[in-house]
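The structures considered in this document are given below.
Both complexes shown next keep subunit A, but they swap its partner, so subunit B is in the first and subunit C is in the second.
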Partner chain A sequence: MPFAWKAAGITYNRYLTVAARAVRRSLKDDKRLVAERRGETDLRFTKWTNGKQGEPRSVVEANQAAMVEAAGGGQSA
Partner chain B sequence: MNSLRVARAALRARPSAIRAPLQRRGYAEAVSDKIKLSLSLPHQAIFKSADVVQVNIPAESGEMGVLANHVPSIEQLKPGLVEVIEEGGSSKQFFLSGGFAIVQPNSVLSINAVEGYSLEDFSADNVRAQISEAQKVANGNGSEQDIAEAKIELEVLESLQAVLK
Partner chain C sequence: MLSRAARPALRAVATRPIAPNAATFATLREIEGRLKSIRNIEKITNTMKIVASTKLNRAQRAMQDSRVYGNTSNEVFKSAETKPLEGEGRKKLIVVCSSDKGLCGGVHSGLSRYIRRRALEDSNFDLVIIGEKCKAQLSRTNAQAIQLSFSGAGKDVPTFSDAQAIADQIVLLPGDYSDIEIVYNKFINATSYEPATVEAFSEEAIAASANFAAFEVDEELLGNLREYALANSLYWALCEGHACEISARRNAMDNASKNAGEMINKYQILFNRTRQAVITGELVEIITGATASEDM
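After this line comes the complex of A and B, so read on.
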């Protein structure tokens, strides 16, 4: 496996997000404050089953849960 | 008889062979030795199809320099320094957070990244503070994902610290 983070279930998308966040936080303070707002994500979704609305969930939290699951699956496989 | 025909064929063939270079027309002398660079971030285009001489990129497969007429290829970029050498020999350096470089045919190079800034926009103090923080998380006993993310941050920050010096 060429990338260690893949073993922890981290997706390439998440990898880019984390790397970009580190770059933004490294900027000088004036630029940093402007740039850091680009890293914020606030997106929610709900799943509809049999015509009924499910519980709204945050995409970020759902992705975290999916990564933990992917890591566990990767280890047992 | 047969040899005569061959000789005549050769005679006939020669004038056209001589004429061929004279008939050549086109822009061959004007072929550009520049590469068209587009360096784009989601929120900004740093270069928009600009003519440059050479671009050095930190690909996952190793550092590489891209000149005009490079073989088409797609390269994943490490978080690192992209150097653009412009006409006249001046060069610009940008630290990119990672993305893709696509060398297209006809000397076109597209680089996509999430974040990219000139070196003078970075604060060495902020980098140092983040490194010690990320090291704490990486060596702590958080979740597997937290540790992996801290290691990604360390990769970015150490690369950044190395070029800031």
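After this line comes the complex of A and C, so read on.
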């Protein structure tokens, strides 16, 4: 694998999100405030099994949790 | 909202058009109260219309940009002549792009109807639903097919990070799908829209496409391309669906305000007539009483 982030179990989209956040944070103040609003999401998602709705969870939190898990797994392996 | 609220009043008035004198005062007050409530409803729908009109410009600009963006993203697949895999027995994944809010005409039910029609023809697919409205509608008929549902996407103009987060969750789904189809409302003009689909291909489909060799891409990068293309297509679909919703809401609220205006006119005339009738009735009573007592 040529990419370190791929080896750590991060998807391309997550990699892009992290990169975009870094770019937004390094902007000047006036532009940064406008740009950071584009990066916010308050999406919630729900998993369905056999036609039953599960618990709603925040996408951002779930993604972060999955990332931490993947990173932890990558280090220990 | 409007029709539901106003109907009891119509019925109440229709059942006793000319009430005896004692009741006339009550109907007068009834009509007055009804008039007031319709005026309030008109105010609300009018405000919603104005809000939707101001949002519409921004939504349409975002839609045009995203359309160019999505088309450019799909240019690769067009020139590679990528076709969806003809996998027998493998499920398709259909992503439905609606939103959380109602009061915008048939935007959401149009999508739900499209899915139901598809389910009649060939029900070998799973559903991912974005938005509460379609979730509520489809959970009644196609609950078994639903894998994931998202909410909170359509509040403002959709952002690319929304699309990325959704794409991420879709990629993580355990099922093995032949390809992903995104269903959204295609914006035709300010008054019409129709359900349309964009394809997001699976890795095998991309690798099997006819002109794929011309691009000289490493096999390893295909997964990235696929995830990124899925996010691009989702972003396009979300933006276009959002613009449709806003413009449909503007139209719906415009119609509702017009109807409320008509009803206000009708009730105003009814109110005036009833008031005159009450006054005339009272005058007649007074005059007859006076003449009767004069004669005595």
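Quick notes on this structure:
One rule holds for everything that comes next: the second predicted complex is superposed on the first by the 61 of 77 C-alpha atoms of A that agree within 3 Å, B and C clash if a C-alpha of one lies under 4 Å from a C-alpha of the other, contacts with A are read in each partner's own complex, and residues count from 1 in each chain.
The working rule: a contact is a pair of C-beta atoms (placed from the backbone, for glycine too) under 8 Å apart; a residue touches a chain by one contact, two chains touch by 3 or more.
Remember, it's a predicted structure, so these values are computed and weren't measured experimentally.
After superposition onto subunit A, the modelled positions of subunit B and subunit C are compatible, with room for both.
Of the two partner chains placed by superposition, only subunit B is touched by A:K28; subunit C is not.
When the shared chain is aligned, no partner comes close enough to touch A:E55: not subunit B, not subunit C.
In the superposed model, A:L43 lies in contact with subunit C only, and not with subunit B.
When the two complexes are overlaid on their common chain A, residue A:W5 makes contact with subunit B while staying clear of subunit C. Applying the stated contact rule after C-alpha superposition, one finds that A:L16 touches each of subunit B and subunit C. Of the two partner chains, subunit C is the only one that A:N63 touches; subunit B does not reach it. Put simply, the nearest alpha carbons of subunit B and subunit C end up 5 Å apart when the two models share chain A. For the contact definition in use here, the residues of subunit A common to its subunit B contact set and its subunit C contact set are 2, 14, 16-17, 20, 38.
Subunit A meets subunit C in the complex at residues 1-2, 11-14, 16-17, 20, 38-48, 50-53, 56, 59-60, 62-63, 66. Interface residues of subunit A, counted against subunit B in their complex, comprise 2, 4-5, 7-10, 14-29, 31-32, 35, 38, 64, 67-68, 71. Remark: subunit C residues 139, 143-144, 146-153, 155, 159-162, 164-169, 171-172, 220, 223-224, 227-228, 231 touch subunit A in the complex.
Put simply, subunit B touches subunit A in their complex at residues 42-43, 60, 79, 95, 97-99, 114-117, 121-123, 126-127, 130, 134, 143-145, 147-149, 151-153, 155-157, 160.
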